[in-house]
Amino acid sequence: MKETPKKTSGVFLAILALLILLPFFLSKAYLHLAVIIGVHAILALSLGMVVGFVGQLSLCHAGFYGIGAYTSALLTFSHWPFWLALPAAGIISGLFGLLIGLPALKTRGIYFAITTLSFGVIMNIMLNNWVSLTNGPDGLSGLALPDPIPLWAKTSISFNTPRNYYFLVGVLLLFTIFVCRRLLNSRVGRAFRGVRDNEVLAECLGIRALRYKLTAFTIGAIFAGLAGSLYAHYLRYICPRDFSFAESFDLLVMVVVGGAQTILGPIVGALFILALPKFFGFEPVYGRVAFGIILVVVMIYMPRGIVGSFQKGFPSPKGGAHGPS
Amino acid sequence: MEAAILLQQVANGLVIGSIYAMVALGLTLIFGILHIGNFAHGQLYMLGAFATYWLVSLWGWNIWSSMFVAMGLTALLGMVLERIAFRPVRSAPHINGLIVALGLFIALENIAFILWGGDERTLPSPYATKMITLLSISLTIQRLLVFAVSILLIFLLYLFIQKTKMGKAIRAVAQDPEVARLMGIPIHRVSSTVFAVSSALAAAAGAMVGPIFCVFPSMGLIPILKAFVVIVLGGMGSIPGAIFGGFILGVAESLGAGYISSEYKDAFAFAALILVLMVRPTGLFGKE
Amino acid sequence: MALLELEEVSKFFGGLAAVSDLNFSLSDRKEILGLIGPNGAGKTTVFNLITGLLKPSRGKIRFQGSEIGGQKPYRLCEMGIGRTFQASSLFFEETILNNMLIARHSRMKSGIWGAVAIPPSTAREEREAVDQCLEILGKVGLVSKANALPHSLTNMEQRLLMIAMGLATQPSLLLLDEPSAGMRPAESSSLMNLVGQIREWGIKVILIEHDMKVVMNTCDRIVVLNFGRKIAEGTPEEIRAHPRVIEAYLGRRAGAAR
Amino acid sequence: MSKAKQTCFYFCWAFFFGLICSPADLLAQTSAGKGIKFGVSATLTGPASYLGWHDKNGTTLAAEEINERGGINLKGEKHKLELEFFDNETKPAKAVEGMRMFAEKGIHACAGPQLTPLAYAVIKFNEELKVIFGCYSTTPEVFEQGNKLILSATMNQKWSIGLAAYTAAKVLNLKKAALLVDTTGYGRAVEKHFTMNFKKFGGEVIAVEWYELKSTDFYPQLTRLKAKNPETLMFGGMSAEAVILIRQSREILGKKVLLIGSDYFKMEQLKKAGLEVSENTMIPLSGFHIIDSPARQSFYKKFQDRFRAEAETYGACAHDEVLWISRAMEIAGTNIDAFKIREAADQAMRELEAKGLLIGGAHGGFLPNGQAKKYYIGTNILRDGKLERLKMITDLKEIGLE
């Protein structure tokens, strides 16, 4: 929707203020949920870069998430500080993204989807069966908390409470949003959208489709890795089950239900999907049924996802995003 | 001895492959018409198995008649799903169809869980335990039946697609929906027919494996995943692709598990798929 | 030296030849080359061969002296070959200006870093790009609609936009695939004026066109295809008189004139 | 499109409105009620929903048992026991959320999360949250992490698998065993402990094959094992695949080979697989299935009548956890101070055993790592349609395990 930058940033600031105040009256359990939602918001956004920006249906995102988590876990076990392990996790899973994207992006459409699904499954089986490295299905426990950031004299920011971790995740989420916005409103982002909407035309206009698909795929993997690291050091325990293809599907659902082609969409999606079970007072199993039906209904009545269908006209990048222009 | 084992493994693979093929055929038909990756198909397989189970165990029908009735019921369900869930999203981006299918997958599995609980039930069958052995291959009769029935059904499907008017219509729509519509082919009827046929196939597969494997709400997941591998391996919308893909995958898995490592059994299917797609990005039988 | 040369170029689909042993070249003179022929004569196939969407089965295609047969489309675009499509193909989810900026892609540099950090160079680049795109839009007369969406444009305007996007890639050769399809005479003549201007800006144009009158009035030289073969080449006058052309077109007017 | 927009407007407003007010516990608060709340963190959905269902029913029955006796007696006054269920969706992160949820509601004792990975996740937090929980995971490693607030009322894998190995090697003196286990932590532990002990008792594991959880076709693995012709086949993994496993093993390996199920296998599965097929199958059973106490029978019957399904060890162990911890509350005289409850737990278990109320199979006080000292484990073999006791132990020393 067409908004003046002024109004946009106004809305943005309001939301931001709310989010900053939230943890001070939210109960700890919900704070925990908020942290998990934050992590998944980052994940969904990073998947959104692939699904929404360049229109490639990737199903191995949980794999990158897992690689990030395990990388940073193993690095901190060998006495790296978290603040080095975090970017390292991003870089390593970015590399995996590059290595997997290079062959996978040769295929198109559903073929790409299933190829990535296969890579996802294989990555998960590796995490599960490479016991000597990953400790297999029992997972890695006893991960370190992020080291406190010393401020002055004796004070320092530590991350032992969910509240502080909430802010850590929040900062990274903001960073992700920022990067997404900047990308979308740039030459690169236009190339992304060009490839998404009409690949042949884009190529005839001098856009190297494969390169930009790969770029988006890799950036997505990088952020997934960062999210993985955050998750690992919050929960201080990771096991392969967290990173199975089922998780990939959950992420995909978040992106599409929220609104793939927007920036706000995946975030709303993550909130929607993860907070939803809280509102089924009744038997969780019935909740799952309701969840399934809701997916169908949303897709039928909001083909562009929740956020997408709020927009007038078409999802121009500005439409979805609430951020400083 | 070695040769005997090899034969046995190939036989194992062919039996499993025939199941994959049956599920994959329906999937590929649906994809050909609606371009939807229909995950819910796996649950029709599950429901088919349950329907057969109840008919056999409650009313003591024999396995064949209950299988046919189950196929009918599941076909109806398939048509209903097509009408209420898939038809509305046929014009939307394909990914929406995928999410709808996922939603149905989740809903149906949990409905089954609520109705019948999570534990495994064995579908009683007279052929379940009888073994027969020919040239050092020993299989239960039920497994041979699975193979035979799937071959039969595949053949019938082939006749249906090639010979009947509706079959021609289906092929036309798969070729080019727009042209087909212009030619006055009732797209909606075609798509609901396709759903009926493929659901029936899935149900048959479920009914046939019921006695070998067990019947439980989450039984549909693995077959549907493998079926996706199969149809992509064979080439989306290609019927021979689905058939051969199924058998290839089955044999590859069983040989992989038998000769390389059973720890990575499930990885082989997917690794094989990736390799094939690297060489032929549209699968074995897919058109460029 | 010739800008574009086709030498014995053939393209087969399965058995049948869509284009066979086609020869023609485009000199450095300012000119508009018309490419005509009945439906299915392989005109668009020729375009696809030149722009790298198809790989020639046989023969050579040279652009500015270098062999380009089977090059990737984006390379050719960077080398200076722009084109439009027969069907109106645009980025329908983007504003007109964004369509232009996407077309501008190959003439800009900024990458990921530029996108995220926006250093002064990138900011300048963006500003310049916008200015140039608006300028081009001005030339085709769409500048007032810069922020509209393609759906809101008339057929005529959509075609103009496609040409504008072609121009935004700064081509030295522009291929126009039936730019006037489905236009009223008045519209198409004004369109042809634009094509004439494009020539004056020093951009060579190859034009596929059904409307004989338009072709004859616009083109400096005409190549006639039939069943993938060149049956005639020459000035409009020569073509008008050419027996095989007449034969090829006789009774086909209905089809030809659309 | 406008219709869609309408729908989604309502939809989203409903959602966000709900987000603000729907769950009463959204805002920080502590619950104050007459009854004592007791947490149950169960895998009600997700891959292990089957277990969760049994936990739910088992704990429900336990709570009723207690309330029939008038509830929990804290410092003289009786409180009803109210169960607070939390669905951890078989996800570690969810399980942690559940723990926090309990802590905030002033619930400092709960049953579950029971699954190994979930337990691993919560033991990083439950001490700081001061929540004591019972866990029937049989993976020893979970308890060797040194967590002070985890209790196990179930047998330990080392024991059951060890006993199975012992019986196979010493009682039936078989020498060549093959293994077919799943790739979960559970299966891997089974593999480890069986191999270790079987070697110790003079046998040799000649082949190990694996399968992914929820597999249904084991022909390739079994064909491969057949080539090595083992005398016995031990298959680990959860009970889910039991029926199929037994049947296919017979089909490929024939009747002679002794099949050994891991713990959690029971008569029920053997019946399902068909008795003549299951003939010559050995299963290690825990107390619930071998000590035939009145408590066990009534539990079994109630379960049957109420939930129209056969009770399983999972439910029984969850049931024991509730009994055990709430008795410990009575002794400690608090339902808040988890550490006090922990101190009382030892005595609580002894009392309950003396009364013969425990049915899960773990008894006799418990070790510093939170596991019971004494188990009733027997290895039984199915011969002519009847389970026949081969060996029964209540103490490691008996067969020289440790």
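For reference, chains read A, B, C and D in written order, and residue numbers begin at 1 within each chain.
In the analysis below, contacts are C-beta pairs under 8 Å (C-beta built on N, C-alpha and C of every residue); 3 or more make two chains touch, one makes a residue touch a chain.
Quick caveat: nothing in here was measured; it's all calculated off a predicted structure.
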Chain hops separating chain D from chain C, counting only touching neighbours: 2
Pair of chains joined by more contacts [C-beta pairs], B-D or A-B: A-B
Chain whose Cα centroid lies at the greatest distance from that of chain A: C
Chain B-chain C separation of Cα centroids, rounded to whole Å: 48
Gap in Å, rounded to a whole number, between the CA centres of chain B and chain A: 33
Computed distance of Cα centres, chain D from chain B, in Å: 35
Approximate Å spacing (C-alpha centroids) for the pair chain A, chain C: 42
For chain B, residues that touch 2 or more chains besides their own: 110, 113, 263, 266
Two or more partner chains touched - positions in chain A: 125, 129, 283, 285, 288, 303
Each pair of chains that touches, named by its two labels: A-B, A-C, A-D, B-D
Complex contacts: residues of chain D adjacent to chain A: 1, 3-5, 7-9, 11-12, 15, 18-19, 22-23, 25-29, 44-45, 47, 49, 87, 89-93, 96-97, 100-101, 103-104, 116-117, 120-121, 123-124, 139, 141, 145, 183-185, 188, 212
Partner chain B, residues of chain A touching it in the complex: 51, 57, 103, 106-111, 113-115, 117-119, 121-122, 125, 129, 249, 252-253, 256-257, 260, 283, 285-286, 288-289, 291-296, 299-300, 303
Residues of chain A that touch chain C when the two form their complex: 178-179, 182-183, 186-191, 193-194, 197-198, 200-209, 215, 219, 261, 313-316
Partner chain A, residues of chain B touching it in the complex: 31, 37, 85, 88-89, 92-100, 102-111, 113-114, 225, 228-229, 232, 236, 263-264, 266-267, 270-271, 273-274, 277-278, 281-283, 286
In the complex with chain D, residue positions of chain A that touch it: 25-30, 32-33, 36, 125, 128-129, 131, 136-139, 141-142, 162, 231, 235-239, 241-242, 271-272, 275, 277-279, 283-285, 287-288, 298, 301-303, 306, 309-310
